[in-house]
Structure formats: structure tokens, C-alpha cells
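Both complexes below contain chain A, partnered by chain B and then by chain C.
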Partner chain A sequence: MAELFFFIAGIGAVAGAIGVVVLRNPLFSVLALVSHLLCLALLFLLLRAEFIAAAQVIIYAGAVMVLYVFVVSYVGGADEVIPLTGGGRAQRLLAVAFGGAIFAELAIAVLGTGLKALSGEGAPYSPGPQAFGTPAYIGRLLLTDFLLPFEVATFLLLIAAVGAVTLARRRRGLESGEPLLARPAIDYSRPGFTGTMAEAVGGRRALTAPDPDEPRAGDERPERVPS
Partner chain B sequence: MNIDWYVTVSALIFSIGAVGVMTRRNPLVVLLCLELMLNAGNLALIAFSRMWGNGDGQIFAIIVMVVAACEVCIGLGIIVAMYRRRLPIDVDEIRELQG
Partner chain C sequence: MTPPFADVVYFEPWWMQIAKAVVLFALGLQIVPLVLLYERKLLGRFQNRYGPNRVGPYGLAQPLADILKLLAKEQFRPRTSTGFLFVLAPVLSILTAAATFAIIPFSDTVDIFGTKTGLYGVDVSIGPLFLFAFGAIAFYGIMLGGYASGSKYSFLGSMRAAAQLISYEVAQGLAIVGVVITTGSLSLVDIAEHQAGMWFIVPQFAGFLIFLTASFAETNRIPFDLTEADGELVGGYNTEYGGGRFASYYFAEYLNVVVVAGITTTLFLGGWNLPAGLDPPHWVDPFVVLFKMFLIVTLFIWVRATLPRLRYDQLMSFGWKILLPLATLNVLATAIIVVVAD
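After this line comes the complex of A and B, so read on.
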């Protein structure tokens, strides 16, 4: 029974991966990746990694892929124009040859190795509430042996969220000449448009929006002397 | 099933992802192919974790998932910023990321 599920999930995962690479429309690529992730979660289940399989489905195939779908819809994923002549084709063939070489090398490294355990079913497993791969097991490991990586990962997520907001915000909120709200006193201590969240969403900012053609205060450059 | 089957599937997915990174020109799809490669690494980690009956590989896989989520977050932020600046969404056209 495990063999049947392995082949279904494995073929699905590989087909999804090929779909991601081959499909022209980015939205279809995202959907192929979702199916790939679901098949991969089934493989994780076969490897007794129950918690990771659930996290894969909920976080990866759910949350992260929703982010992808939103960005593809926003950017307008146009079909990619594939140049079939000239340098593009040679590069494509070279890339496929290189990928085949990577696979051959990895397969030789894996299958030609002398590790006996690699061609076995794995360590003995006995089911139970604290068994290998259950949420209780993972949670105990995360909060005892791997507490530092856990904390570092949380900080990494925080930094990534802040970075994404900083990268994707609007730089110039309103058109010039548009009346603006009075800005709070703390804002006078810094030059205009140096970036706050309120500015990004077009809230309280400078008293008047500066004319983009007019040099702003703090923006003066030394005049170039005509020689 | 023997563990080496899983590791072989992982190697196959990794090389498919590598081909995608090298051939596709849309940065969105390049990010998707990076996800493929990270997931192949995850599959290998979990297969080896099962092989030894040790949970450390699974913890490593969770950390890899966290790093992948961060990378997606930043990458999509950069793509949205590129779109806002009317830059072409094409990795061949974008040769520099300054300003």
C-alpha cells in the first residue's frame, strides 16, 4: 500500500515540478506548484513526518501560495515570450544539459553510496502519542534542543515582514499641490519624505506637498560653475 | 519503500528546479523554481531523518520552510516595487538593483 501511495505522490510531485518550469502563464505555474506541494506533503506523511506534512499544506500550499497568486494577479502575469532562435535556444539546451548532469551526479552519489541504511525502510517505528514526527515530538525538540534556531527563525520572519513592507510601499504618496494634513511635531525633526508608514499610506505628512521640479530643502547641491 | 527512492525523487525535483531557474526569465517563475529546489532539499532532509529515526532533520526542514517564506516575502516585495516603477518584469532586462 505504501508503494502505491509513494508512486502516486512521487509522480504527482515530479509532474507538478515539470509543470512549474514548462507552463508559460505564471498563474498556471503557481497552481502547478500548489499541486506539487500537496503531493510532497503526502510523501512527508509516508516518511512519518506528520507535523511537517500538515505545516506544508497549511502554510506553504495555503498562505505562501495565496501571496504568490495575489502578486501574479497584481503584476499581471503576461505569457512569457520564448525566443526560439539565437542565444536563447542555446542557453536553454545548455541549461537542460546542466540539469541532467546535476541529476546524474546526485543519483550516482545517492545510489552508488555504500550506506546500507539508505536501501532500508528506515529506523524502527512504533506508533504512540509521543512517537517520531508527531506535533508533541516536534514541539518538544523545538522548545528544548533547538530553542535558539527557533528564536532566530522568529526574528528572521519579523525582519522579512518589515523588509517587504519597506520594499513594496508607495514612495511618494500624493500628487503635488494637493492639500495635506498637518504633521505631528515629531515629524519636524526629520526632513520630508524620509519615510514613515503614515507617509506611505498618504496620511499626515508635510504641510504642503513639494513640487517635484523645485529643489527641496536639504536637497541643495553645489552649483556647477560653467567653465 | 526504501529511503533511496525518496532521495532520488528529491534529486529529480532539485534538478528540474535548477533547470527552471536557468531557463525562465520571469522573476516570479524564477522564485517558484527556487521554491522547488528548497522543497527538494526538505524532502531529502526528512528522508534522512526517517532513515536515522532522529527528529533533527525535521526541525531543519521547518527552518528551511521559514527561510523560504522570508525569501518569498522579500522577493515578491522587490517584484512589486519593480512593477510600481514601471520596470520590465524580466530578469534579462534587470541588470542592476540600484535606486
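After this line comes the complex of A and C, so read on.
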């Protein structure tokens, strides 16, 4: 049973990762990444790391990727296709070089640990609150052996949060003296009955029918000064 | 030799696991129509009218008629929709809602036909995190449904849902940390057993209120039903859905209410424990849990009949500026008390 799930999750993870790169629609790419992360969580579950699996789903699939979906569906439309070509010759060479470097690095890491793990027997499973992979075990590790990396990571996140707030603040809204509505939300100056259902069905002509050649009342209104 | 991937070990035989899954699924499937009917009846009473009373005795067959009507409807989809996502989204919603129903413990292990059986779907070692993990996936059901519909109202509804669910999930998660710290375990069965003396609603009253409030937002109930504000968005993320797909969204929504009621019962209302030292036989326990869930569902309906909908900025500032700091304070205070008391 475990082997079956391992192959389902493994194939799913690889397919998801390929999908992120290959799919042209940004939203589908994000969804492929989500499925990849869910498959990774399943792999963690097979390794008896239930807490890590849940954290993976909650934090990555549930919080980080939600933000991605949020941004992509607001900004990048479904019809928008990112072209593969583009960029100078130097940029392409650099891309290949960086890709190769990351591949070599990952290959060394995976092969190194994988070959070592082949001769091992995996993490022993023992029930209990302090066993490998339980929240208590991970919490103790984070607050003893890995305290410094843990604190550095939290500090990094804090910097990111402060930076986001600073960047958001820079784009100022209204000046303090400016009234909330620089122009009325409803344009009272337009001729009566324009834009009403009565006009649309031809029941009533607008009180002063606008001449299509002349500029309409709304056009000469000064634009609001961008702040 | 220990296998590299450990097989998940249950103490029950395989046939009991299947029986449990079937019983739990049937239970969830039966509770939701009852909750639907109860809500409509109770809302009717709150609003000085009868509520449904034409189909069957006392209108009891009303949910059946509703479901039949929805299933008999035509399956349509807008021309602008994204095909497979449009179909997948309601399935995701109902799947995750049904999966979370599995972790509500109705009692401890009991003997059934001489077999030791836990009266719960599964007692996961990560307990409430299981709920949040599936909640995170359920979010995609709403989000993709709104996006794939290709409609402005659906899209706006799903965007609101995105912001709302993220905001309140944090407070909801932090609110239960106090319970977890006091118990020293994430297992829901352990948490329920720990409340044999005193229910967590007493020492963790602040946590209870925060959890309940955030749960209203997580299940999109009034006063936090901005994702489907009828007055502004037609119907929110499910505007373009009809027939069976709409039924599954609707079903998932009410199943989520039932699940939240069950989790609140387990975390704060003592699970199957009775007050005043009453210790009935084990077969009473599931009914105790169901009765407490019934009380919470009543509260949900009562609030729906009482409160108006919040404005969007009020929703956001309430979640981030009031609920989250309160939940954090609650965690801090609980942690200090637990350490000092040890």
C-alpha cells in the first residue's frame, strides 16, 4: 500500500513540477505548483512526518500559493501567454549556466543522501509523544539544536514584513487636506434621464439630447490630479 | 527490517475500518439535510412565520424535495467558464468537507462485536492541523469555482473569500493553541479525555470566543458571509452554478458548519464528557456529542437571525486588529500559566 502511494505521489510531484515550467497559462502553472506541493505532503506523510505534511499543506498550499492565485487571477489574465523567446544572447547563456549549476547541485545532494539512505533502514517508527516526526520532537529540535537558524529565519520574515509595509506606504493615498471625494460620486451635472432604463427602452428621450459630435458634459471635466 | 516507508497502522481490522467509514459518511449525509431543515424552521420562528411546512408531515420532507429539485435540474455552464476547473471546484469543496468530518471523536475506544473500535474516523496525531490542512484545500474549491465561472460576480465573491479565509484562519489556529498547550497533545481524543474534570470553555473562555468568531468567518456564515453577499454579488462564488454542482457547494457549506460544531464540542465543550461527574455507559457518548453539536448549530442559526452583515473593511480590521492580537495574548497568557503551574 505504501509503495503504491509512494509512486502516485512521486509521479504527481514530478508531473506538477514539470507542469509549472511547461504550462503557458500563469494560473495553471500556479495550480500545477499546488498539486506538486500536495504530492510532497503525501510523501512526507509516508515518511511518518505528519506534522511536516500538515505544515506543508497549511503554509505552502494554503497560505503562500493562495497569495499566488490571488495575484495571478487579478493581474495575469487567463488569455495572457508569456512568450518563451526573448532576452539577449548573454541572458540565454546565463540561464543555461544557472540551470546547469542548480541541476548539478541538486544531483549531488540527492545522490549523496540517497546513496547513503539506501544502506540505512529509514527512521524507526515508535509510537509516543516524543517519537521522530511528532510535533513535540520537531519543537524540541527547533528550540535546542536548530535555535540559531530558526531565529535567523524568523528575523528574515520580519524584515520581509517590514519591507512590504514600507513599500506599500510609499505609494501615498489622499493628502491630509484633500477631501475624501474630489468629485461627487454621482454626476449630477448630466442631462436628466440619461443612462436610465427609461431612456434605454426609448420611453423617454433625455431632457437635453446630447449631440454625438459635441464633447459631452463629462469630457471637459478636469481630471483628478494624481497624487 | 523496518520498511523505509512505514505503513499506517490501525488497531482495528480492515472490515471495521470500512464499516466505520460507511457509517460516518452516512451520518454526515443525514445530518446535513436535517441541519438545513432545522435552519429554515428556526429562521421562520425567529422571523415570526412558519417556515417550510408543506412537504411531508411538518415539512420534514422539504430537504428531500430541495435535493431532488436540484438534481433534476439541467447541468449548464457559462460559455466563458474554464471547463475542467468548473467541474473540479465543487468536488474539491465537498471532498474536503467530508474528509474533515472523519476526525470528530464521538467517544473513546469501545467494544463492538468483541472488536476494539474507536468511535471516530481516525485519531490523527496532528489533530486540529488536519482540519486546517483540509480547510486550505477547501479554499481552492471556492477560489477555482469563482475563477472558472468566468463571471465578475463569481470572481469578486471568490476574491473576498480568499482574503477572508486567510485572515481568519490565523486567528482560528492561534485560538486553539491554548487548548493544545494545556493538554500537551494534538490528538483530539486526548484533548477530549483531558476535559473529564473541567471543560476547556472555563479556563480557555477567551480562546473559545475567538475560535467561535473565526469559525463563523471560516464557514462564511452571517455576519461574515461577504463571499456570497446576496445584495451585492448575486450569490458570490457559486453564482454561475446550478443543479447538482450547486447542491454540492451548498452541501459542503453546511457540512462545514457541522464539522466546526463538532470540533468546537471536542476542543472546548468537553467532547463526550458530561458535567457534574455523570458517567453514563459508553453507548450514550455519541449522543452527548451530537447534542452539543446541535447546540452549537443552533447558536450559528441564532446569530444568522440576529446580526447584520459586516462591511468589508470592518471584516478585515476586525480580523487583523482585534481577533489576532487577542488570540496571541491568549496563547502567551496560557503558556505562562502552564509553565508557572508546572
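We adopt the following convention: the second predicted complex is superposed on the first by the 119 of 227 C-alpha atoms of A that agree within 3 Å, B and C clash if a C-alpha of one lies under 4 Å from a C-alpha of the other, contacts with A are read in each partner's own complex, and residues count from 1 in each chain.
Just so it is clear, a residue touches a chain if its C-beta (ideal position, glycine included) is under 8 Å from a C-beta of that chain, and two chains touch if they have at least 3 such contacts.
The model shown is predicted, which means the values in this text are computed figures rather than measured ones.
Peer 1: Could you say whether A:F51 touches chain B, chain C, both of them, or neither, answering first, second, both or neither?
Peer 2: A:F51 contacts both chain B and chain C.
Peer 1: Should A:S73 be classified as contacting the first partner (chain B), the second (chain C), both, or neither?
Peer 2: The answer is second: A:S73 touches chain C but not chain B.
Peer 1: Report for A:P135: first if it touches chain B alone, second if chain C alone, otherwise both or neither.
Peer 2: It touches chain C, and chain B stays clear.
Peer 1: Check the residue A:S35 against both partner chains and state whether it touches chain B (first), chain C (second), both, or neither.
Peer 2: neither
Peer 1: Please indicate which partner A:G62 is in contact with in the superposed arrangement: first for chain B, second for chain C, both, or neither.
Peer 2: Only chain C; A:G62 stays clear of chain B.
Peer 1: Is the number of chain A residues in contact higher for chain B or for chain C?
Peer 2: Partner with more touched residues of chain A: B.
Peer 1: From the superposed pair, tell me which chain A residues show up as contacts to chain B and also as contacts to chain C.
Peer 2: Touching chain B in the first complex and chain C in the second, residues 2-3, 6, 46-48, 51, 55, 63, 67, 74, 117, 121-122, 124-125 of chain A appear in both lists.
Peer 1: Tell me, which parts of chain A touch chain B in their complex?
Peer 2: 2-3, 6, 10, 13-14, 17-18, 20-21, 26, 29-30, 33, 36-37, 40, 43-44, 46-49, 51-52, 55-56, 59-60, 63-64, 67-68, 71-72, 74-75, 77, 80, 91-92, 95-96, 98-100, 102-103, 106-107, 110-111, 117-125, 132-133, 137-138, 141-142, 145-146, 149, 153, 156-157, 159-161, 163-168, 170
Peer 1: Could you please specify the touching residues of chain B with respect to chain A in the complex?
Peer 2: Residue list for chain B touching chain A: 1-9, 11-20, 22-26, 28-29, 31-33, 35-36, 39, 42-43, 46-47, 49-56, 58-59, 61-63, 65-74, 76-81, 83-84, 89.
Peer 1: State the interface residues of chain C toward chain A in the complex, per the touch definition above.
Peer 2: So the residues of chain C touching chain A come out as 1-8, 82, 124-126, 129-130, 132-133, 135-137, 139-140, 143-144, 147, 155, 159, 162-163, 165-166, 169, 184-186.
Peer 1: Residues of chain A touching chain C in their complex?
Peer 2: Spelled out, the residues of chain A in touch with chain C are 1-3, 6, 27, 31, 34, 38, 41, 46-48, 50-51, 53-55, 57-58, 61-63, 66-67, 69-70, 73-74, 78, 117, 121-122, 124-125, 129, 134-135.
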